[in-house]
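Could you have a look at this structure, given as structure tokens, before my questions?
Chains: A, B, C, D, E and F, in written order; residue numbering restarts at 1 for each.
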Amino acid sequence: DFMNALEEVHPAFGVAEEELQQVIQNGIIHYDTVVDELLRSGQLFVEQVRSSTRTPLVSVLLHGPPGAGKTALGASIAQASRFPFIKLISPDSMVGFSESQKVNAIQKVFSDSYKSPLSVIVVDNIERLIDWTPMGARFSNAVLQALLVLFARRPPKGRRLLILATSSLRSILTDIGFAETFDSELRVPPISSLAALEYVLREVELFTSTEERRAAVRTLRDSGIAGGSGEEGDDGMSSKLQIGIKKLLSVVEMARQEPDNVGQRLTGALMGLGM
Amino acid sequence: DFMNALEEVHPAFGVAEEELQQVIQNGIIHYDTVVDELLRSGQLFVEQVRSSTRTPLVSVLLHGPPGAGKTALGASIAQASRFPFIKLISPDSMVGFSESQKVNAIQKVFSDSYKSPLSVIVVDNIERLIDWTPMGARFSNAVLQALLVLFARRPPKGRRLLILATSSLRSILTDIGFAETFDSELRVPPISSLAALEYVLREVELFTSTEERRAAVRTLRDSGIAGGSGEEGDDGMSSKLQIGIKKLLSVVEMARQEPDNVGQRLTGALMGLGM
Amino acid sequence: DFMNALEEVHPAFGVAEEELQQVIQNGIIHYDTVVDELLRSGQLFVEQVRSSTRTPLVSVLLHGPPGAGKTALGASIAQASRFPFIKLISPDSMVGFSESQKVNAIQKVFSDSYKSPLSVIVVDNIERLIDWTPMGARFSNAVLQALLVLFARRPPKGRRLLILATSSLRSILTDIGFAETFDSELRVPPISSLAALEYVLREVELFTSTEERRAAVRTLRDSGIAGGSGEEGDDGMSSKLQIGIKKLLSVVEMARQEPDNVGQRLTGALMGLGM
Amino acid sequence: DFMNALEEVHPAFGVAEEELQQVIQNGIIHYDTVVDELLRSGQLFVEQVRSSTRTPLVSVLLHGPPGAGKTALGASIAQASRFPFIKLISPDSMVGFSESQKVNAIQKVFSDSYKSPLSVIVVDNIERLIDWTPMGARFSNAVLQALLVLFARRPPKGRRLLILATSSLRSILTDIGFAETFDSELRVPPISSLAALEYVLREVELFTSTEERRAAVRTLRDSGIAGGSGEEGDDGMSSKLQIGIKKLLSVVEMARQEPDNVGQRLTGALMGLGM
Amino acid sequence: DFMNALEEVHPAFGVAEEELQQVIQNGIIHYDTVVDELLRSGQLFVEQVRSSTRTPLVSVLLHGPPGAGKTALGASIAQASRFPFIKLISPDSMVGFSESQKVNAIQKVFSDSYKSPLSVIVVDNIERLIDWTPMGARFSNAVLQALLVLFARRPPKGRRLLILATSSLRSILTDIGFAETFDSELRVPPISSLAALEYVLREVELFTSTEERRAAVRTLRDSGIAGGSGEEGDDGMSSKLQIGIKKLLSVVEMARQEPDNVGQRLTGALMGLGM
Amino acid sequence: DFMNALEEVHPAFGVAEEELQQVIQNGIIHYDTVVDELLRSGQLFVEQVRSSTRTPLVSVLLHGPPGAGKTALGASIAQASRFPFIKLISPDSMVGFSESQKVNAIQKVFSDSYKSPLSVIVVDNIERLIDWTPMGARFSNAVLQALLVLFARRPPKGRRLLILATSSLRSILTDIGFAETFDSELRVPPISSLAALEYVLREVELFTSTEERRAAVRTLRDSGIAGGSGEEGDDGMSSKLQIGIKKLLSVVEMARQEPDNVGQRLTGALMGLGM
């Protein structure tokens, strides 16, 4: 059927261009220096894998609140590596899989990666891959155990592998025994400053005039949502503004539906987020 | 057999007219402004999906007490969209399904929707879809995980999808990790004012004369059930009247059985509901 | 074999005469006005289903202590409807069924009912249908979920259905999420007055003379078992006499085994029931 | 093989002579009046089933401490009925059966019984039939539910059935919901008086002379094990002597191994039983 | 393969010579009078089975701390019976068996034993047979229930059976309902006196001279490990020395690896055992 | 496929050279006397198996914190034995195995070992083999039970076996009943002295000059990380420095990525490890 047809488009081996594009559909907006730092750190891990023979396996965890941009950043770093093998392991393509089907699908990507001298695997959304639910603390131990072994298993001689994993539930990972598994961790923060927010609003051209945008930001500043008090600089220290870029983009599009009322809908939505 | 025959009537693809009709059999009674507001909000989400390329997926939760009218409203909004693909995912058609049969049936509707440029899926009664029972907090994690992924998975390029889900157990959704999954939430309240109640009674023509209807409403007001004290306006603030439209329609029909005694049976039933 | 042969006697479709007779083998004794009131309420629900187009589905719960007569009353109401489709769903015919066999058998009865314009289904002994055991609070969630959906699913257009369910464990039904499922509930009480008891004794002709029967009742009255103090009327208010009609009939038959000693065995048994 | 060969000896239908004999191998010793009372009560139930049309099903529970003689008494009562169908349902013949094999085997005996106008079924050792273990309170709910239904299901018209069940765990039966299932209960007590004990010793001819037996009993009396103080009569009220007839017979045989020392081994064993 | 080949060597029926030898490879050292008493008790049970018709089934539990010699003693008693059927049921030959394979294998040995007039079955290491683990108190209830029935089921007429079971977890047996199952119990103690220890050292010829052995024992006495204070006799009352013969033999062999240093390694190991 | 091809390279029988090499890829650095002591202890166990007929089975546990070098040391000891059969049982080659596939794979290695007069089996990472997760204390009881039996089962006559097992979770092993299973235990400690650290840095030639290395070590000493205060000797008593050699080698390679900044990155990483 259609879904299968879609999948046949991707070659089993090599670089999963389309899948990676799919998760960066809205691009990367450089709303804060942290965005560039994260991309740079990613690049360093890519280089380590490329050059150090002593560490043929490097695993990195990208963690942060829901919608902070973990998947998009992981995919961007992977793509930028230009390694001959780049794949995404995502729950999106495993709906309805049994535990063993999941384990097999995951393991296959790792096995395939061993055929390439240099590989990157993005393991997206660990909590969903292991079917985690907080009620009763249920999860698939079979998938978890497979990940624990695959994340620590050295590739065969002459092969190098970079693993980029993402998760919104950093603390759960410790509880289930995932601690100490990663060589390194990168935290992807939510947007918490008005400067970053305004940067995004400008990029997505929500407002037709600079005036309107500034008015909206001013409303937010006056509401005390961002915690700061100075006029120009807000440090976000005690900021109540904590919104992932993904959610922000969604709120923006809703506001866009009422052209006459964009500012009010945007600020209303942001202030109503329980912030 | 008969059931299969019934199902063959619905084309696998396109708009499930009959199923949608089935859940709005008693129509929509505009007993309160909240009814219109809910329909209007629904329309805005429909428009967002139609027009914004940045948010090809929008998911909305309709929640409220049992019988408040969630399913009928969701189906009405879906129908009004006039999108080429409108489907209902309902536990009614999955009795006796195994976990994996359920997941497959659900996933199939989503896959089918990807063949249409514009789609609405009504996912009815989440607690029943996941086989939720409060005793022992049991539920199907397989179905839950499938929903969590499907509600967040972006449609393929060029496809747009609106998800309208319903549930009576808003707080359970948070407990099982469904929080943050929806782009937006709409609360469907029960009827809690005598004005709304009287509106319904008039619409369904329970009483043969206006006199009788007024007498019945007066009895209720005097009983203090609606909390208010003024003669015309009751604000429902401290109202003990909390009845879903579905239950109200059922009570009305029972009362209708004793033509000589309609008023007494109605008021007796309403005041005996533990209100 | 024999059991299969027995079953072939019942036509798959229509009215399950024999099964209904089997559960009313000892008839209905009108020992109290409550018996007639219950039968009359049942009749009203039958009429509502027959006449109201707005409520094509009506579900009623008959609940009360073990042996109070729930099954016999449910079957009697069903039989009296003279609807073209009357069936009993009972654990008696599902011994050794797997969960899915049970669900299928139950669902089949509902599907079959949709072929008749007017139907009654007696769903007997819910706790046994769901394999309920208090230790560890175990039960079949699959059967429970099927019942929850089937009890709320509207029949197809033009079909009407009355569901009469029975249970001894009213409070468990709430705990497992069965609350709010029924349109109405009827409580079947145990026998708790000496007048009712004497009525039964007279009907079943346990004693050969009126004298003997009166002597036995006097013994019970003097023992204080019925709580009352007046000579003729006992109100049962603080009555310790709480015995289901089914148990009472069993006690009567045991007493009958010692013809010389009937009175003593009867009163001994009744007073020894932990009452 | 051998076991199968053994089983083929028993006809599938009718009276299981050999199996019943097997469990009464050591006969019934009338060591106390309670033994005769139990047999007489059993006979009354047999008569009730034979004669009363209103109670075609009577179920009785024989309960008491391990080894008290429950199985032997149940089998004796059954045998004495001389009904055309007498069967033993015992865990001994179900080792290694799956849950459903057990349920089927049990149900088959009940179905078979319906072919006979008069039947007795001895359901031996309920706790073992349901695979009960106190640790974690595990048991087979499937077998339990089958028993609950079968113990309450009326035989078809014209068939009568007496059920004699045995259990050492009376209180567990209540906990798992078996309460109220039986029409009657009979308690089989352990041996707790020296008179009963001496009666058994005489019957099994453990001692070669009356002198020796009396000496042994005197030793026990002096040890205070039986609680009494008078020389002839001991009432067993505060008796620490609590031994099932089965265990007593086992202790007797061990003592018999050392002919020179019978008395000492017997009294030593009895006083060392933690009594 | 090799393992199968090994097994084919043992005839399916009769005496499992090789298996029994395997578990007594290091012989029985008579280090204490308790060893002889245990063997004598075993012999008495063998005689009881051989001679008493009233107790065709006798079951005995050998329990004691890990490595105390339970298996070797059980096998020795069995072998000494010279019964025509002697078998060992051991977890060693059931690695990787499913629950039902285990139950079948166990049941087969019992069925086979019924073909012989006189049989002994050694049921080794109950906790391992039932897959016991203290964490979560997990175990195979299927195997447990099979053992409970098989240990109490009387052999067919004319057959006699002695069951010798071993376990290191006496208290767990009570917790899982194994209490009251055995006709008798024998406790196999650890070595706790220096006299017994020295006896063993002499037997296994660890030291090349009597002098050296005495010096080692003196070191242990001076360390206070054995609790006693007198020079010659130690009563072991408050002894901290508690070592199974199996562990002691292992410690001896390790010490033997450093010929120059035997005494020091031995005493060091013994004193370091957390005693 | 590729993975299978890789595996075919290893002969099913004999010495698994390649697998052993794979886990010692970075060699053994003799950074502390404890490294040599561990290797020597291992050699003694090898000798005991080679020479003592009384202990044909010796099992040793290598335990210590994650990355301490347990696997590499176990593999080194095994390789040095030059026994004809040396195998590694590792979770790496069992990803996606079912419980029974795991048990079979493990058991096969033990069975194969019985064909060789002298064998060593390295059982790596017990917690992963049994699928251990701390949340809910889940693990595969089937694999655990197989290991418990295999670790205690004596090889057939004339065969000798050394088992070297590794684990990071010593305390869990006790909780799940693994205590008392091993003949001996060896603790592999983390690096906790600056001397050992410096030794490693010199070996891996992280710094281009001795000067730079000394400066880095001085920075660490001044930071108080190693607990000591003297200039030359640090005893590691109250050292906060606790790093496995594996993690240290990983940190070293990351630092190597920024040639201009090696010292700072190294010390920064070490001090940031939550030490």
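One rule holds for everything that comes next: contacts are C-beta pairs under 8 Å (C-beta built on N, C-alpha and C of every residue); 3 or more make two chains touch, one makes a residue touch a chain.
Here the structure is a predicted model, which is why all the values come from computation and not from measurement.
In summary, no chain was found to touch both chain B and chain E.
Path length between chain C and chain E in the chain contact graph, taken as the least number of steps between touching chains: 2. Note on chain placement: the centre of chain D and the centre of chain F lie 59 Å apart, centres being C-alpha means. Averaging C-alpha coordinates per chain places the centre of chain C 34 Å away from that of chain D. Listed for chain B are no residues, as none touches two or more other chains. Interchain contacts close the chains into one ring where each touches exactly two others, per the touch definition above. Each chain touches its two ring neighbours, and walking from chain A in the direction of chain B yields A, B, C, D, E, F. For chain A in complex with chain F, the touching residues are 44, 47-48, 51-52, 54-55, 58, 100, 103-104, 107, 111, 114-115, 137, 139, 141-142, 144-146, 148-150, 153-154, 156-157, 175-177, 180, 183-184. Interface of chain A with chain B (complex): residues 1-3, 6, 22, 25-26, 66-67, 91-92, 94-96, 98, 128, 131-136, 138, 204, 249-250, 252-254, 256-258.
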